[in-house]
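First chain A sits with chain B, and in the next complex the same chain sits with chain C.
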Partner chain A sequence: MKVAVCVKHAIDETELKIDSSGSPQLRGAASKMSTFDKNAVEEALRLKSVHTGEVAIFTVGTPEAKKTMKEALAMGADRGVLITADPMSMETSRTAELLAAALKNGGPYDLILCSEGSSDVYSGLVPPMLGEKLGLPYVGYVRKIEATGQTARLERALEDSIEVIEARFPLVASVVSEINEPRYPTLIQIMQAGKKPLQEVTPEALVPGLSPSPSLVTGMKAQAMARKKVVFEGAPDETAKKLLDALASEGVLPR
Partner chain B sequence: MSVRLWAFSESEAAANDVAAVSSVLTSSAGGSYTVVGVDEAGAGLAGEDKIVLRGTEPLAGSPEATAEALARAAMDANPDVILVGSTRNGKEIAARVAVKLGLPCVSDIFGVSLSEGKLRGKRNIFAGKLIAEVAAPLPCVATVKLGVLSALPATPAKAVVRAAGDVKSKTRVAERREKQKGTVDLRAAKLIVSAGRGVKKKDDLAMIYDLATSLGGAVGCSRPLSSDMGWLPEEHHIGLTGVSVHPDLYLAVGISGQLQHVAGIKDSKIIAAVNSDRIAPIFEASDYGVVGDLYAVLPAIMKEIKARHH
Partner chain C sequence: MTLEIAEGKSPILAIYSAEHRRLMEMLHPAGHQEYSEMLASLGVFLEEEILPISPKLDTGEVKIAGPRKKLMHQGICQIPFPREYGGLGLPFSVYASAIEMLGTADASICLSVEIHNAVAEGLNRFASVNQKGKYLPSLLSGKSLASFTLTEPASGSDAGSMATVAEKKGGEYSLNGSKMFITNAGEADLYLVFAKTRRGPSCFIVEAPNRGLTFGEDLKKLGMKGSRTSEVILSDCRVPEENLVGEEGKGADYAKEILHGARIIVAAMNVGIAQIAYEKSLGYSQDRKAFGKPIAEFQLIREKIANMKTEISAGRLLYLYASKIKEAGGDFASEASQAKVFATEMSLRVCDEAIQIHGGYGYTTDELHRHWRDARLLTIGEGTSEVLRMLIARREMARSQ
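Coming up: the complex of A and B.
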């Protein structure tokens, strides 16, 4: 089974600093593989261990994104393709277009996996756009994958129901984090990841004559989150009283 | 500017929610909107001007076929904006329609407005740490965050049926299981008591339910309890990948306060927390916090509530 996983190198939202004027300090911010993408890589590796085959990682990213590539390779992926462009400065549909073009060049793949959304912007649009652009069956928000011969059974989680979907390979799917527990690479795997093939390709080489497709984001600012941060410590009887007094004076307790 | 909007969702309730956004938008920017539903919907849809999409087979439950039907109808009518309710299937439908029609697409927007030929809105990014402003040139597709405005009521006006013809899906739904339904809608709840990993076993959720009941509130939880442990149905899961809530009081019990969880509660009027870890991030996101073992603090709170009611 040939599996491709589309991942994103993202600014670590937990480390993102806001300066005193309320502007985010994006330059030089700590970055990592988008959180749920690890679940997509893990699922690809799990399927490879059962069905044999190959796992290839695709990303649209700046040179920084090699860090995420190496992490996926250290987890056990076989090779990586880095499309050298900044996904934050282009429209979501352009990211999907570039990934689709690279997947066609490198394929065919039996399965193309994404996570449900990236941990930075979480638009959730790239996976269904990929399915649509590639003209393949697409199943979103998958929490279980069973492959038998040419067909797959995929369990997907919707807001109010669980669906079991049957589809034929090749197909595109997005996964939710409960699908698995991503592995941690060993030190040896991390060292060996540097020797695995990592191909770089420019957008122009993939899709000649691209017209500009700038990001639709016009600005970003810190979320106003002014909370009172009053903390009570001490004996439970005392702190319980203080809490209820405070909540009563805010008028948020039932009378 | 006279804009023509489509307010679409695959479910009637969400379509009427989107209609509320469209109504506000068109009354301030000028223009009109049409509420668009699928299959047998029509009587349940809001608005005088409404369309129901039908295929040769039911569209509901197939985002692929629904997107094809919506795109075909939109190609004939050329609306300036297609707004879609931001459900999981809604996002897939919007993304597919945008690709089919070659239109720009943004997701999960709120605070929507129209100016200078662009649809503008805000969306939460970096797990709600930042708000991004987005602007999509018309015509465009956007999914709107649900539950921000109250849904418009259904009106008796007849819907125009648009036959989409034969729209097929490349996948087949072999089985559909409804998730266990709760009795309270968290999006509308005024008071929520929410449980996290600090709760050691499923049976102990009874304490959370007791407290919620005594305060007349609903029960929510952080992701691990619904998704990993399966102690509560997924609809109780509050956070970035679950439900976003805006109660008057949100009481987080044994929840550490990861960004993904805080993203779903930041619109609460007052946030309170009980946690044994003084440096848990939830205290940074709270108005009031109690540092202590929930197994000691919750009974004390219950005792105090009872004392105050006598």
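Coming up: the complex of A and C.
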């Protein structure tokens, strides 16, 4: 089974600071492999351990993204392809186009895995766009994958239900974090990861004449959330009543 | 009330990313990038898997075996050992830095792993090729656990006065005696036991289970409560003669050599313990208000913070300096002792100040005073401060004569 995993070297949202103007400080911010991408890599490795085959990692990123690539290789992936461009400076459709071109070059793959969304911007657009550009079925928000021969049985975690889908390979799927518990690379795996093949390609080499991004991100603001921090004290039935009154006076509940 | 580390502030990784990276770069111009990546990755594991359960190891809600096994699987024990036995062949200072991070995450697991690796170090230095091939791979991968079995009820640093004896009978040695304050006792698969033959103190590998090997009750300790410590009783404990390590009569020298290296590691562990107490104090002093402002605004608290930080940095440099001499093959006995004396006493001072800064909450919260309780062991274990000062002074006297 040949599995490709698309990952993102993302801003570490837990370390992100907001400056006085309310903008997140992106320059020099700490970065890491996008949180749920680890689940996608883990699932690929799990499938490989059952069905044998190969796991290849694809990313669009700056040279800094080699860290994420190396982490995925240390977890156990076989090789990596780094498309050297800054995903923050282009629209999602361009990222998907570049990934699709790289996937065609190295393929065909039986399964292309992504996570449900990146932990920094969380648009969740790349996986369905990949399905579209590659002409493959796309199954999103998957919490379980069982592969038998030419078909896969996938469980989708929807808000209030679980949908079970059967699809033929090849296909594109995005996974949710509950699908597995990602492994930690061991120290020896980190040492060995440096020796695994890592190919770097430029956007121009992949898609000659790639048109510029149709939209540009000109700025980002942090969403400010004002909290009232009201504490009700007393016995549970008293505090429950106070809470109801307060919610009603805020207009959240009908009086 | 925040006695927890503030969210998003990772004590292990935060300190790692800034200071260790710079130090690694200075110590290892060629390999520092890889070492830093490995240590940072280990930091993520410690942060997510060990740090959160650390309070529960202290109270006994979580037992040590599971998390310790997981940690060993990550490869922490492999770092300084040769590749032919499953090690990573990396510098000792990288291992010491990893131990510092583990000390920050949890002192009890750190102690258990440090003792285990002291045995591996002993075997690597003094055991035969056959013995190394037989035991080292499973020790380094964490498949088996080791225990360093030297101290007795009536003999500590003066290994020459030990009362445990080993008598050769046919192709076997019979060991008789009692060993005290033994870390990992009852849990370990391999005991490195020191006992006297007619030629003097000697060193033996005792594999568990063994009919002649039994254990006392788990001792009620002040700190390091996550680790197991008890008496080891040897009663006609028979081991094949090929389990003798090195030569008969040289056991005291081997023990001394093993402990010199272990003292660097104990120093690193204490820098780690001090670090977590310091991080908590730093956070608390900026949150807690008195007379209308955070106590961190008061000069007397600032003095404490400044002293804690300075002393931690000094302890770190001392253990790295001793590590570097060891890596270069030099005589590091005095520097290792200096590092251990300073770092263990320093971490006690830092953990004590941490309680002071936290006031009543410091005295009444396990989560805070356990660092002091953990640190308290280490001016005693693996060479008391007094014995180590004797060693340092003796070296200095000899040098000036």
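Note that in this section the second predicted complex is superposed on the first by the 220 of 255 C-alpha atoms of A that agree within 3 Å, B and C clash if a C-alpha of one lies under 4 Å from a C-alpha of the other, contacts with A are read in each partner's own complex, and residues count from 1 in each chain.
Simple rule for what comes next: contacts are C-beta pairs under 8 Å (C-beta built on N, C-alpha and C of every residue); 3 or more make two chains touch, one makes a residue touch a chain.
What you see is a predicted model; the values in this text were computed from it and never measured.
Visitor: Using the touch definition from the top, say if A:185 reaches chain B (first), chain C (second), both or neither.
Guide: second
Visitor: Applying the touch criterion given at the start, work out whether A:194 contacts chain B, chain C, both or neither, answering first, second, both or neither.
Guide: The answer is second: A:194 touches chain C but not chain B.
Visitor: According to the stated criteria, A:205 is in contact with first (chain B), second (chain C), both, or neither; which is it?
Guide: The answer is neither, since A:205 touches no partner chain.
Visitor: After the superposition on A, what does A:166 contact: first (chain B), second (chain C), both or neither?
Guide: first
Visitor: Which of the two partners, first being chain B and second being chain C, lies in contact with A:50: first, second, both, or neither?
Guide: neither
Visitor: Mind working out whether A:247 is in touch with chain B, chain C, both or neither, as first, second, both or neither?
Guide: first
Visitor: For the overlaid complexes, name the partner, chain B or chain C, with more touching residues on chain A.
Guide: B
Visitor: Once the structures are superposed on A, label A:233 by its partner contacts, choosing first (chain B), second (chain C), both or neither.
Guide: It touches chain B, and chain C stays clear.
Visitor: With both complexes superposed on chain A, which partner does A:14 reach: first (chain B), second (chain C), both or neither?
Guide: both
Visitor: Show me the chain A residues, by the header's touch rule, that chain B contacts in one structure and chain C contacts in the other.
Guide: 14
Visitor: Within their complex, state which residues of chain B touch chain A.
Guide: Within the complex, chain B touches chain A at residues 61, 63-64, 67, 87-89, 91-92, 94-96, 98-100, 104-108, 120, 123-136, 170-179, 181, 191, 215-216, 227-228, 234-235, 240-241, 248-249, 259, 266, 269-272, 274, 278, 283-293, 296-297, 299-301, 303-305, 308.
Visitor: Give the list of chain A residues in touch with chain B in this complex.
Guide: Counting only chain A, the residues touching chain B are 11, 13-14, 16, 18, 24, 91-93, 96, 116-117, 119-125, 127-129, 131-133, 136-141, 153, 157-168, 171, 176-178, 216-223, 225, 227-233, 236-237, 239-244, 246-247, 250-254.
Visitor: Enumerate the contact residues on chain A facing chain C in the complex.
Guide: Counting only chain A, the residues touching chain C are 14-15, 67, 70-71, 74, 184-188, 190-191, 194.
Visitor: Which stretch or stretches of chain C touch chain A in the complex?
Guide: Residues of chain C touching chain A: 7-8, 34, 37-38, 41-42, 44-45, 49, 73-76, 78-79, 88.
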